[in-house]
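Two complexes follow with chain A in common, the first pairing it with chain B and the second with chain C.
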Partner chain A sequence: MSSTNNPAPKWLFPLVLSFIIIILAAVIPRFLPPYTIISLNDIFMYIVLTVSWAVFSGPTRYISLASAAFFGIGIYVSAVLGNVLPFLAAIALGGLASFLLALLVGLSSLRLRGMYFTIFTFGLSELIRHSVLWWEVNITRTVGRLVVSVDNITVYYAMLTIVLLTLAMAYFIKNSKYGLALLAIGESEEATDHIGVNVNALKILAFAMSAVFMGAAGATMATRWTYIDPSIAFNPLFSFMPVLMAIFGGVHRIYGQIIGATALTLLADMLLTKFPYYYNLLYGIILVAVILFLPQGLAGLRERMSKWRKHVLVK
Partner chain B sequence: MSGMIKQLRVVFILLAVLVVAFPLTGYCKDKILIGTAISLSGPYAPGAGMTQIPNYKMWVEEVNAKGGIYVKEYGKRLPVELIIYDDKSDIGTAVKLVEKLVLEDKVDLLLPPWGTAMHFAVGPVANKYGYPLIGPTISSEKLRKVAHKIPYFFGILNMPREQGAALVDLLVEFGIKKVALIYVADAYGIEWTAEVSPALKAKGIKAVIEQSYPLGAKDLSPLLKKIKAANVDALLGMSYPPDTFLITAQSMGLKLNPKLFYLGVGVAFPVYRDKFGAKAVEGVMGAGAWNPKLPYPGAKEYYDRHVKKWNKEPDRWGSAFAYASLQILEQAIEKTGTLDRKKLRDVIATETFPTVIGPVKFEGGFNIQAPGEIGQWQNGEFEVVAGKPKRTAKPIYPKPAWP
Partner chain C sequence: MRILEGKGVQKYFGGLAATADVDFHINQGEIVGLIGPNGAGKTTLFNLISGSIAPTSGTIMFKGENILGLKPHQICKRGLARTFQLVKLFGSMTVSQNILLACFFGKSGGVHKSDAQRESSRLLEFVGLSGTDGVIAKELTIANQKRLEVARALATKPELLLLDELMAGLNPTEVAQATELVLEIRKKGTTIFMIEHVMKAIMGVSDRIIALHYGKKISEGTPEEITTDKTVKEIYLGI
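Moving on, here comes the complex of A and B:
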């Protein structure tokens, strides 16, 4: 999709860089202690959630709190079909189910704006959680489900693939005319409509695309947890964390989102094991501090530094 | 000055890197490292803080006061060190932290988390790495389906099958014919109802109301009014702690006075008695049971030590089971004379262990010894009233009306 009239270095650098990273990530499990791989799986999960969330909510400024719904649907697909389907098929189906759900939601909700849209998406996650619960209690007569477990290395490669696909999708949408159109929607939806962009179709498609990899990640991660129930699968935390991580790292840069997801996951791990009794307090203070002093997130730090440097040099 | 600080900083960083890179595991074994990921925050934290964590800490202190556990293969007593992580009541975190304990902290043994869902998640992980785990807060028939796949996991608590049967026997004993059966729409309530509902039918007891209510319900008075109107002999509530308290308070307000008043988890907590008053809860029955009057060696002493150390009574159900699971671990180490987890598992799976809940023996991964199934508050003590041979007091029936 990258247009040919771009000057070469602009895409060459990220291409080479990502190639190196891919090679490294693919051979790394041979040399790492097993727990590091488990940590990486968690980081991957949050990168997928955060970058996927930002593909739609970043440029359009429609703050979605439906991530937990898409992630949870993937988890349930894996729990229900995991013992009859091969692992890969369950992941693909998890992504597909999320895609279809997001299409449906998009069709019914994207005419809502601002706060109304946010509340609607949050309500949607809760609605799905309670519907699944109702189904389990009254139809299947059990609440929890056991998920077929898969070894950590396999999960690692699956998550790595999903991360790469997510990043590729995010990169191409951002650098295409569709990405520009989404940005325009965020600036002024009416104007974009008048220019001749099919605003609704574009929004719904971007929303659905952002759900695909959340579902796939859910289907993959469920195999690590071995037991799930509706409140585990549709935990509202999975709706809030991506928003937080994106803001923490910087919503408008893909590398910012990656840094946000990675930094917060590592921070949570470190605080949780070193200060189990002060975890929530410290975590909260750090979040507030970053948002207060770095409104552009960690990615904004670089821009701030260079601005500050210029300022000093001029003096 | 600043140069010195800089140098110091470099030294400090180097030291930190060294410590992280080469944890001092050492080949000279000088302690038994035990780890647990359990809920210190989130919805499971109150349960964990009542039933397990105080017993874990108390046991470690007691063992270390003796100089540790004697391990024959090292020819000496080894003190116990306990690592506690917070799983935030989140399954993903719990699984990950247990793997951290195993792979990074290299603990010798694991202790279980709190609650049925957590056990289902952590049990298979512990099994995968070959760590025996004796779960004191899981009560689920579903466990029977997976038990053969996780041979390192042991269920020590009463299971719905035995407890449900004991409850129905009690109804038969009193000649009760008409009951209302309500249950929380979560694994616990559903599994209990699946056991109790057919058992009632088999004994010719009619459940005129059989209805679930959502987890986290804040008002159950419409349901309770319906039960009052139905004029049943017994209210059977398969409830979790928050709803146990709610149903009790609202039944008092509505003057709902069936002859038998039974609720699930939470009745056996001393705080249940203290909140409503010993007089008010007189005759209330609940899932349990354990009390210090039971004739098992060490039971009374355990109760006294717990009260002395924590300035609060242990709950009359899971607490003693949690403590018993630690006793079993300790005895298994002393019996085998090793920290070899395979050997420990085999001993736990086959031998009988005297504990504060009686002589525990596992068959197919399930404990066949129970200090009792159902309890009833009488004069401020939670007396065992079913199964029948283990009674510490005669059941009070009908239950006195609410004051």
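Moving on, here comes the complex of A and C:
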């Protein structure tokens, strides 16, 4: 039987849509005011952090709060080596440093489960922050560093590339047998081990892979801030935001994670400028409301809508 | 030929011997039952064989290789699979995803997706779960969850299958079906070592039975020999 009679395959629409978005994203900066480009860069940054975080923590349910450490390492690589290395090399090194750090974190937290893993990763990021601070105060006698500045458009294209690479990685892992195995780890680690999956190796590797682009994004974004110190680079907010954004948008769908990161970045931006005094209050209320009424995140909205529509039609 | 042979297998939890100096062997193609009162060390012995826990001392030879101390995934890849006393499925995943994963990572490994899918529907039919491919695993009845766990274990292509209380919690009809399934699995060439409390079932299917008590082997023999064994009668059967 020929396949010409079949309707367009279901992946065609998203493929075309993402193609259009990519083209648009590549052309758009020359028509935009600098402020918009800066906020686009922010959105890209949070998309990378959120999607990367969800590569490991989404399926396995190991909630990591170490994103700030991986992001911050990238920032520091860029700050220390930015003036001796070309921009691209600094980004690549930032990703590599982050990968290696994640390997170490993964190896040292192998036996920890659930809440213990979460607290350990959080403690570790704080430990790194304070160690770097101590090092700077006592050894190099500098607090804070200047980062070689790179113009917004270059940062924009670098971030766009990192976003696309992150999405590609997330997509391929999710749709591979390893993605399925990560989901299985979230269900029963013991059973996963017993059907032939090297659980420890897979966990560590997935964790390290999820850190690569966080580091690369850190190295890129550092050039935009021009000045950094440990409390900027390892700001715990970079650990918490990806978790919130992923939950806000929908942990189990990549598009949900993208929507979550975009929506919360824009929301924070808008609230901060429109309601500087009630910013945190409003932000909190909206977060709580979404998590309360949409446990599946914004991505769950679509399923809800179609259910509701069916319900109404039946009546 | 002995496919599995344990010598002096010991596991201490603190000062308590869960299994103390157990010697046992399973021949290729056999169905061997493992019985004993609660806390006798049956599941501990299974956990030692499948690599879930590390032994205190002893050796377990599987196809001539000492597997004691290997990780569960390494033991699985050598052709030894198991089910669990309390079913451990990937509950939120579909029935077919449960099996596909075992096809992908089991003994043969590197299976192509379309082959794995074919294997999955073949196995589902074999255990009597045809047509449930897309069902979320935790929505199956307990009897069907147990069947799925057997199918998942079989998907790794084991030469030896450990069944930990396959019949527990099943009604008489389901017990009969499960017994039938065990015999079918053996017919296909897989050796079986099974823990069971349902006496009628285990006496019916086993070639040989090993009885444990307080971590020690108290008796071993054909079902007839076991049912007439004085120690087993006193300790376990309570006659």
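Some observations on this one:
In this text, the second predicted complex is superposed on the first by the 301 of 315 C-alpha atoms of A that agree within 3 Å, B and C clash if a C-alpha of one lies under 4 Å from a C-alpha of the other, contacts with A are read in each partner's own complex, and residues count from 1 in each chain.
Keep this in mind: contacts are C-beta pairs under 8 Å (C-beta built on N, C-alpha and C of every residue); 3 or more make two chains touch, one makes a residue touch a chain.
Because the structure is a prediction, the values reported are computed rather than measured.
Touch criterion met: A:T142 reaches chain B, while chain C stays clear of it.
When both complexes are overlaid on chain A, the residue A:A181 reaches chain C alone and has no touch with chain B. In the superposition on chain A, contact of A:H194 is made with chain C only, not with chain B. Between chain B and chain C, the partner in contact with more residues of chain A is B. In the superposition on chain A, contact of A:W225 is made with chain B only, not with chain C.
Legend: residue contacts after superposition of the two complexes on their common chain; A:Y279 is shown touching chain B, with no touch to chain C. On chain A, the surface touched by chain B in one complex and the surface touched by chain C in the other have no residue in common.
Considering their complex, residues 33-35, 38-39, 42, 130, 133, 137-138, 141-144, 146, 149, 221, 224-229, 231-232, 235, 237, 272-273, 276-277, 279-280 of chain A touch chain B.
Residues 50, 52, 71-73, 76-77, 81-82, 84, 88-93, 97, 100-102, 104-107, 109, 152-153, 155-156 of chain C are the ones that touch chain A when the two sit in their complex. By the touch criterion given at the top, residues 40-41, 84-86, 88, 90-93, 95-97, 99-100, 103-104, 116-117, 120-121, 124-125, 128, 142, 146, 185-187, 190-191, 194, 212, 214-215 of chain B touch chain A in their complex. Within the complex formed with chain C, the residues of chain A that make contact are 177, 180-181, 183-184, 187-188, 190-199.
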